[in-house]
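Labels run A, B, C, D and E following the written order; every chain starts at residue 1.
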Amino acid sequence: MNHILEIIGLVLLLIGGTFLFLGGLGILRMPDTYNRLQTGTKATTLGGMSVILGVGFLEPDWLIKTLVLVIFIALSNPISSHALARANYKRKNYPYLKGGKEYDKYREVYQKEEEEETA
Amino acid sequence: MKRVLVISILAVLGAYLAEALFQLDFGRQFFQNGVKDFYLIASPDKLKVANVITAIVVNFRGFDTLGEVTVLFLATTAMGSILYKGRHKLGERAVLFSASKIVTTGSKLLFPAIILLGAYVFIHGHLTPGGGFQGGVIIATGFLLMLLAYSDYSVSHVVLSVIESLAGITFATIGLLGMLHGGTFLQNFMATGVLNNLLSGGIIPIIYITIGFKVGAELTGLIYTALNEKD
Amino acid sequence: MVQIIIYISLGLMLTGIIFSTLRFVFGPTAADRTVALDTLTTISMAALVLLALVYKRYIYIDIALVYGVLGFIGVLVIARYLEGAL
Amino acid sequence: MEKTQTPSRTASFILAWLILFLTWLMFTSTFATQEVVTGLITSLLIALFTSRFFTCCNLSIFSPVKLLYLIEYLFVFLWALIVANLDVARRVISPKLPINPGIVKFKTKLTTDFSKMVLANSITLTPGTISVDIIDDTYYIHWIDVKSLDPEEAKKDIADKFERILLKIF
Amino acid sequence: MIFYIILILLLLALMVAAAIYSIVQKDLLYAVIATGVISLVLSVLYLILQAPDVALTEAAIGVALTTIIFIITIRNTVRYEDDEKNRQKISKSNKK
């Protein structure tokens, strides 16, 4: 039984390390802030979760505490990335669009606000 | 040319100073059998504290900790008195607008958990790393989260100063009780319990709880005052 | 076996840290740099837990816990400043 | 609109105490008497002044049907997270960067703040999407590979599988 | 063992690089983010060197508290260190 837990833990460690690496590579390669947030958030969330759970499986006494960490990551990581994305749009850093302007539906909200301000 | 002159003069002075400092021995003869052995043996054996650093900070060197807390208190008071000009009315806040629904709802959920984490850190100060100061900082950061998320969240200065004063008075009283009991400030006068239990270490957990409350209240007040100050 | 896999995992994390530092240096806007800080926070949190395993100390996990919670607030502070709310 | 009513003060206080005490047990992860008693007292004190924030759900969240849905949600979410990461890996490694980003919008049927937050967080962690803003009940989603600009179809692709379960829980 | 020495050296190099960046940088907001990176890496280094108390203190103070204090300072003063607009602003306020 212990042996199986150990193997699961080691596999989780490897998967987690790979995804953390991919997160770093992703924010280096992507063309604009939103896409960097996409890769960064997802990859580091799953990577961090699986490394921490892997440590929990390797030392079964620690499992409960590692679960707390996993829950905290799953709650706080998307909130901070959402706050960053919204802040970035509010600073008028518009996303990189391949297909043209009609692909950005969020712009109309700000256009409305600007019209209200000028009027 | 001027710079070269200055640098060379500084280098000569520095060399003299360094030589003089190396010749001092800083009372090295007293440190032959320093106090480290005493601390390492006494804290688990006599005081039943698992975290030696805690025992040093709060018990053996507790008077210094009182000084540190006083320095923090003075700094907070000075900053508050400089920044607070008595002109902030309701509705004139420095955090201009609330964050989006996601951030506000998320901080509602996370804020109690962060306060609990701070309480956990300072209650377990004698068993795990951390202690009163760190726990207090975590609690203050929890309040910072609410202040960031809501533009109309406010903390009461009166309540904060009451908590702070009560915590400070408790700290000093426990120290004086130790003086009555054993002759030195913060001498342990309670049962020490069993090593690695929560209720162990005599007065150390109580002192850490008071430090936690005091630091938390002070830093919360500092952040609140600084956030609401605006030119 | 366990040692080797821990080494590989730590090495991958270190590469991730270096990549995000590069993004931190090159990133054209402040938001890009904050994204790098966010990524760094999560990676180092995982690294702290893994180091707790290396040293076999249960209490080291507390540090990762504090770190993860407060790092989130640190990112939020900068995001709120960028948004214009502070 | 029965679902939007806020729970009574007692209900939210009991919920706060219970959740905080469970968190304390997970922090200490022992059942020693001293720890449990200290945890009860500490979580009571904290619940006294934070219970007004626990407006997420009534006590009926503990009914077995809802718990079953919660577990189903957990599995759907985990599967989506894994798919999302494989997707990210494919995009990052492939040298041509196959992306076609854009921001789409759709309306949700959810009513409470808490369920909207959960849905937004789930969207952020699932394949190729990140929630940029939420105004009343309109979500604005940054999509790394836009398949459709139509709100209905976008919703079908992004949010339907979560919303179906969330509507039953909250 | 050699692995951990290499790890420590790399992290130290990273920390020193971030520190130099935060000093040289003219945009003070970037400097503040760099301070965040420094305290992050420093905390990991303290843990590798087995000083958990110091690591916890560094994590608690360096990550959020110093950031908010620096950000408040930037908000109340100027964001760019050496800027023409700032000079005008400063000289105006001096004339007052």
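What we mean here is this: a residue touches a chain if its C-beta (ideal position, glycine included) is under 8 Å from a C-beta of that chain, and two chains touch if they have at least 3 such contacts.
No experiment lies behind these values; they were computed from the predicted model shown.
Looking at chain C and chain D, the chains in contact with each of them are A, B. Distances from each chain's CA mean to the overall CA mean are smallest for chain C. A comparison of the C-E and A-B interfaces places the larger number of contacting C-beta pairs at C-E. Centroids built from CA atoms put chain E at 21 Å from chain B. Spacing of chain A relative to chain D, judged by their CA centroids, is 15 angstrom. Mean C-alpha position of chain A lies 12 Å from that of chain C. Between the Cα centres of chain B and chain C there is a gap of 25 Å. Multi-chain contact residues, meaning those touching two or more other chains, occur in chain B at positions 99-100, 102-103, 106, 109-110, 113, 117, 121, 129-130, 134, 138, 141, 144, 227. Among all residues of chain E, those that touch two or more other chains are 52, 55-56, 60, 64, 68, 72, 75. Residues of chain C in contact with at least two other chains: 10, 17-18, 34, 59-60, 62-63, 65-66, 69-70, 73, 76-77, 80, 83-84, 86. Taken together, the chains touch in the following pairs: A-B, A-C, A-D, B-C, B-D, B-E, C-E. On chain E, the positions that touch chain C within their shared complex are 3, 7, 10, 14, 17-18, 21, 27, 29-30, 32-34, 36-37, 40-41, 43-44, 47-48, 50, 52, 55-56, 59-60, 63-64, 67-68, 71-72, 74-75. Chain contact summary for the complex, chain C toward chain E: residues 7, 10, 14, 17-18, 21, 24-25, 30, 33-34, 37, 40-41, 44, 47-48, 51, 55, 57, 59-60, 62-63, 66-67, 70-71, 73-74, 77-78, 81, 86.
Partner chain C is touched in their complex by these residues of chain B: 94-97, 99, 103, 110, 113-114, 117, 121, 127-130, 134, 138, 141, 144-145, 148, 151, 227.
Residues 16, 19-20, 23-24, 27-28, 32, 34-35, 38, 42-43, 46-47, 50, 53-56, 113-114, 116-117, 120-121, 131, 133-134 of chain D are the ones that touch chain B when the two sit in their complex.
Of all the residues in chain C, the ones that touch chain B in their complex are 59-60, 62-63, 65-66, 69-70, 73, 76-77, 80, 83-86.
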